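So, here's a batch of structures to check.
Two complexes, one shared chain (subunit A), two partners (subunit B, subunit C).
Our next item is the complex of A and B:
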């Protein structure tokens, strides 16, 4: 039994890993790009331009959204890939669709420094001046080295932090220098226009000479930039020379999933990008509301359904039994959100407004004595708990009834009756004990179901628990928050399943796992 | 099950199949039997919804000529946007005559005095050809979305009359479209013009409820169809091959079981850029198959050791044949029960989703109307869709219970 429990708990680890992988893939595949939606949600229609584009890039970097999802093959990003992307971004003949253009732009951002060899290749070999210019501009961005961020958490020693900060200063300086080594493509019409603005009335020959001079200056600038990047490459080449071991490392580890999991192992579930607080803290602070609701619902369900089920099994076939069975069946089929809306409209507004409108407690909760507070909370959670429990109550009573009916026909009950034991003893002591075994194990599956199902109830009744937090995070594409809630509810479900199996063996001595 | 079958065969001249027994048993349960017919009526309502409610008149006659806008609207891409409506419209136009032909065939076969088994085979073959043909036509309709725009601007009858035009037209009883908004008529209580009132955008609630039947039924059936297929395959493999295959599939089941469906559904649907009703069906289908797989696996474990399987293996039949032709038919009973309850659950899931405002907003889902009721506090907007969901779910659960009892040999009298 003990060995079995340990085995199951150990098995939970790979299962949880697989669950997180599954959720992760689903989120990333269906999401398209949560970051883009977030950026679009910031009200910037032109997320493609200027500041918002840059902040979007930083945002993506912060949440590792610039990395590929599962496998990273960017170490062999070649010149042709980069050239194609640059061609798409420039869209000179207008044949590239807008979505592809944006995609190419995003790719170029996401590739980051992996694109540097390709960009250099383009700077040297591209035929078109515009493409070369673009490559130089991208080099100035993508070639920049990353700043050290280790000191931000405050987990390193003071000296180390100071060292990192100092190093960041030099990196920043070098990066700023790189930013200067790019050029704009030579645009003949623009040059001519500028010329005619500067000195109107210039004749054709003179303007031709002037333009030629500009062209020469431009060529000089191009040569200088190319030379700079060539020498820079000589110096920094080693950054892009990967051994096969490094390649494997990049392939598996420089990915969103690997980063996320390495954080998970440190129990770091990331930060919400809305309030910048760790999501785990927020969820744990919300958990008490959800747990209150779930646990009291479970109590209520068992408190009512067990006696009810036994009673109607004993009275099997009578009118009362049929009535109860019918009502329970109806309750079982009633959708909880429908009931919630009805109760909300009946008892919180209008003539019968006996219950408070929404929320978990009154606004002045902190001024109350403990007794008052408990009363206040009870008053608030009455309707939500009613909505959460009636469905399970109906289901469980029906299980209890059939469970008892199954047992009541068996021989040992007949024996007990033949011994002229009082009927109450036969039912409670002999029959119910056996008949309720399946019911008790249902508790373990009930709890996670309640947590999953509480989303709607919490949203309707405005209870600030995990469910409504989940819902608002979904609406705001708060990626880390959604992940953590999904993981926690999956974990609870797994624990529930384990408890169900174990309690089977605990309650019923006939079942062993050995 | 098989034993029972052979016993009956010996005692009766015409062979009585297992299905006959279950069906006879099911019919005895009057509640379930009535519920089944009510669901058939719901289905017919869904199919014939355009006959009851459509903005386009059946016949429209004016100075320019006579038109039949109702017919052309049925497959008009601009009028019925989503595939669900097109499918049901095709059922209305093509399915009705096909059903009549099928029925006549059935009658003729029954009168011909053919042997029962042969007759069944023939009917099965014929039905199969018909369904395939229907689906091919449906694919054709979907792929050749003509998207024709009506040349003629059909105003409502009243408007045309008020303008003093000489038109005569025959409209369906409710002359509204489920997606047509009119802000002047928003949130009207039920009245003579709108028998169930209008919602927050002035859309007729009666029409939305009527066409919502289509959405609910198709979500239920298709989602369950997807997951029953997945569940049967995986469950059958796990139960038949056992060993490592079983171990692997068990782990996969565990993984999918531990993810709460409603939450995953919420997340995926809200993260998909343009969620359609088909996404909802697929996501429900992908996450709910575990129950069916476990059921089928258990049945296979049980049946695998029975004599008829051993003899099939001894005869050298292929694994495929043993799994699908010998064991599976005997394992389908519990799956059918689970599927019936599953349809109800899928309908509930879809309506909770659209209640939260995350579903496909272009379809007239019941949950959406209920959500309007929640936001406005109008009783008619709460009760009408809520009762529609409640009735559908109750009927399906009743059928499920009836089926379960009918399949249970202990309950047989």
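Our next item is the complex of A and C:
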């Protein structure tokens, strides 16, 4: 038994692995990315502007959205890739489609420091002045070294935090210096315009001289910038010299998939994109509402369907039995959101208004005594629990009926009857106890269905549980939240199944797992 | 065996029951304890306030504030609350989604902006009736230099930041004992002495803004707002930042604790508008980390964006942020010190009700509650068009909505809905075709049957009723014959007799068939169907393509669509640049996704950029309106109207005029019995 439990628990690991793999795939193939939602408004409206995209870049880095999904080959990025991307971003002849422009801009952001060798190559060798200028601007962004962020969560020692902060200071200084080493492309028309504004009466020859002077100054600036980057490269080259081992590391580990897994293994489920709070904390705080609903529903389903099943078995084949069966199956086929609306309109407003229409507790719950509070909550969850329960009645009472019918035909029941025991005692004491054993296993199958079904019920009845949290997280592309809710409900399901199997063996001596 | 199973089962159930009761009991006791603590705090509060003036505000200065000439500001003659109103009670309102956060600079969705109106005092306030005028709020005066570049402001000294909403077990002594408020005081005193020679010898103690446990709102909090807003690391502020691009940061300065100035690089009308959007941000909170250490300058933007206090809000306005429980409710309470009034309620409870079907029920709950203490509903809420139609049906359940118990009214919102035709597609590049499309849309019928008359036809990209709008232009009527004639003029005829119009384009016979992108919501889909049916009658094949928002947006950004149905939200300030200037036409993700290019329109937009004379602005805008009417880049549908309902307890439940938030609790009060 013990060995079996251990085996089952160990089996849960690969199952959860498969589940989380599935979640990862689903999240990554679904339409729309959370970054774009974040940058909605017009933060990233202008794809040309590096400045307004900075925060978008920071956001993507925070949630690893800048990394490739499965494999990372960015250590191979060469001059030609970068040159092509720059060409697409600049779109000088107007031939590049908007999709490609957006993609090139995103790529340039996502490549981060991997693009540096390519950018340098372009700065030296690109044909056009505009491309070179763009390369210099991108170098000032992509060439920045990453800040150390380990100290922010407060999980490291004080000395380590101080060391990281000190090191960040140096890194930041170096990064800020890079910003100065870029230039704008030389724009003849703009220069002429500025010139005519500055000194309107200038004749053609004089303005030509003035523009030539500006051109020379520009060339000087370009040379200085190129020289700076050349010497900077000499100093920092080692950052981009990967050994083959490092390349393998990057290939497999610097990816969304690897980060996702390393976070999962450390039980770090990340923060919500929306309120920036750890998702796990939020979900756990919401668990109590969902569990209350699920457990009470299971209890209610058993409480009603067991006696009903027994009664049907006793009355097997009568009109009453058939009527009950008919009614239960009709209930079974009614969708819960539909019933919820009907119940709301019947029992929360008008002449039969006896239940509250919304919430888990009253507005003034914090001023109630314990007894009042328990009553208040029970009063509030009546309708939601009713909606979650009625569907389960049909199946479970049918199982109970069959279970009992199987037993009723066995020899020891005949013996009991032969002893002239009253029929009630025979059914309740002898038959029902044995007949109900298989019903226990069904508890495991009820639990996931209830967690799934509670999403819509929680939304309709305004209960702030896991279901309604999942609902709004999906609508708002809060990936981390969706992931955690799904993982937790799969975990609960697995645990439920394990418990059911174990209890099966506990109550029925004929079953062993050894 | 069976017996033992039952014993175990019963034991387990009993154990569970004991645990559940125990947990509830402990939680309840905690609640009782916090209640006792709260009562204690309230007593202390009363002691404090008893010593000072009646409002409790130790710096009450409303007398002198009124006597200062406001410069550009004119006092709003409309008061918030009518004479003879009563104070007290809990106002209950509804939210249909969880607000994303309460860090008001970086959260800019509409619901958060509405909450900010309760929680924050604006620098200046639009007049409630004459929306182009501004009155004093936090600022008592605001002046503009003769070159239209520099704006100087003076603010009230009697507005204080509320106490931060801390958890019961949260320590944060540095926040509670004013250490950070004093640190800011010290820092700003040094800066003032260095920058303002006249202040060099004035005594500016570090704790000058720390008054009875609250930190005062100063000009430095405004400068801090500007600095964070302009910081490129602060992602949420990007859209605000795009309005302030012309700001000269080297000339943004506090010239005293209660005065500051900003300077713009050029004279533009837009700058005049944004000079009124400036707001406040509590530096004593947002510039400090969990332990009360100031963030380093180089990362302050990033750290501010993800500040530890973020799931909560801190304001300085009529109501204090108390608590937000996601999925449940947001709780606000009256700030007794607030000097500008318009806060009659003791508490405001905004309940999160995601299921819109519940909204009418919440009104019924409130209207039928035996007493305010038992009221579990909502006093006032706007209803969705579907709900509006539901409650307007005469049946037994809705009788409260018809016998006058639950009253209702309407307000018009800034913005319009439209169908946009992609001008880059050969099908829609001819304006006669676009005009024909507008004639083929049964707009009046859509308004009546799909939108239940909650709206008004518009003819251009300006909100009707504003002086910028040319009222002489008539809505384009539904007229299929006219549409056919226009299409024929543009060369579209059914030459092969298959029932669909066609035309030779670039040497190829092209059928008039296009895809119509719509957001997959019932209202949009129904509207799409009506449009599709009418187009079919004149030989045009329209394929509806309902898309979920993420995909819809993607096709919009890359201009991969023929026609779209959407809406724009606007404001009383009219600016055409973002949506209509041709220089945005070829940019990815731009707002000019229909690629509207018109030289004359461009000229008007550019002229309006520098025009300060309102009469001339109105004229330019009306000219622009006429060009758009002629070109029909959009088929303009409706300005939408919202229906709102309130229960008998709520008094003076009017919308204050054409100012956001449309439903503003500052003019309401509860009947006291």
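Basically, the second predicted complex is superposed on the first by the 444 of 514 C-alpha atoms of A that agree within 3 Å, B and C clash if a C-alpha of one lies under 4 Å from a C-alpha of the other, contacts with A are read in each partner's own complex, and residues count from 1 in each chain.
In the analysis below, a contact is a pair of C-beta atoms (placed from the backbone, for glycine too) under 8 Å apart; a residue touches a chain by one contact, two chains touch by 3 or more.
As the structure is a computational prediction, the values presented were derived from the model and not from experiment.
> So, does A:141 touch the first partner subunit B, the second partner subunit C, both, or neither?
neither
> Which holds for A:85: it touches subunit B only (first), subunit C only (second), both, or neither?
neither
> Determine, under the contact definition given at the top, whether A:349 touches first (subunit B), second (subunit C), both, or neither.
It touches subunit B and subunit C both.
> Who does A:102 touch here: subunit B (first), subunit C (second), both, or neither?
In the superposition, A:102 contacts subunit C only.
> State whether A:388 touches subunit B only (first), subunit C only (second), both chains, or neither.
A:388: touches no partner chain.
> May I ask you to decide whether A:455 touches subunit B, subunit C, both, or neither, giving the answer as first, second, both or neither?
first
> I'd like to know which partner A:22 touches here: subunit B for first, subunit C for second, both or neither.
Only subunit B is touched by A:22; subunit C is not.
> Is A:477 in contact with subunit B, with subunit C, with both, or with neither (first, second, both, neither)?
After superposition on chain A, A:477 lies in contact with both partners, subunit B and subunit C.
> Which partner reaches more residues of subunit A, subunit B or subunit C?
Ranking subunit B and subunit C by residues of subunit A touched puts C first.
> With both complexes superposed on chain A, which partner does A:310 reach: first (subunit B), second (subunit C), both or neither?
neither
> By the touch definition above, which subunit A residues appear in both interfaces, subunit B in one complex and subunit C in the other?
Overlap of subunit B and subunit C footprints on subunit A: residues 31-32, 341, 344-345, 349, 459-460, 471, 477.
> Quick one: in the complex, what on subunit A touches subunit B?
Within the complex, subunit A touches subunit B at residues 14-15, 18-19, 22-23, 26-27, 30-32, 34, 329-330, 332-335, 337-338, 341-342, 344-345, 349, 448-449, 451-453, 455-456, 459-460, 470-471, 474-475, 477, 482, 485-486, 489-491, 493-494, 497.
> Would you pull the subunit A residues touching subunit C in the complex into a rising list?
Interface residues on subunit A, with respect to subunit C: 31-33, 36-39, 41-48, 51-52, 54-56, 58-59, 94, 97-99, 101-102, 105, 147, 154, 165, 168-169, 172, 176, 274-277, 282, 286, 341, 344-345, 348-350, 353, 356-360, 362-364, 366-370, 373-374, 433-434, 437, 459-465, 468-469, 471-472, 477, 506-509.
> Which of the residues in subunit B come into contact with subunit A in the complex?
So the residues of subunit B touching subunit A come out as 251, 254-264, 266-268, 270-273, 344, 348, 351-352, 355-356, 358, 367, 370, 373-374, 377, 379, 382-383, 386, 389-390, 393-394, 397-398, 401.
> Within their complex, state which residues of subunit C touch subunit A.
Within the complex, subunit C touches subunit A at residues 1-2, 5-6, 8, 21, 24-25, 28-29, 31, 34-35, 90, 92, 97-98, 100-101, 108, 232-236, 238-239, 241-242, 290, 296, 298-299, 301-302, 305-306, 310-311, 325-329, 349, 351-355, 357-358, 361-362, 364-365, 368, 373, 375-376, 396-397, 548-551, 553-554, 557-560, 586-591.
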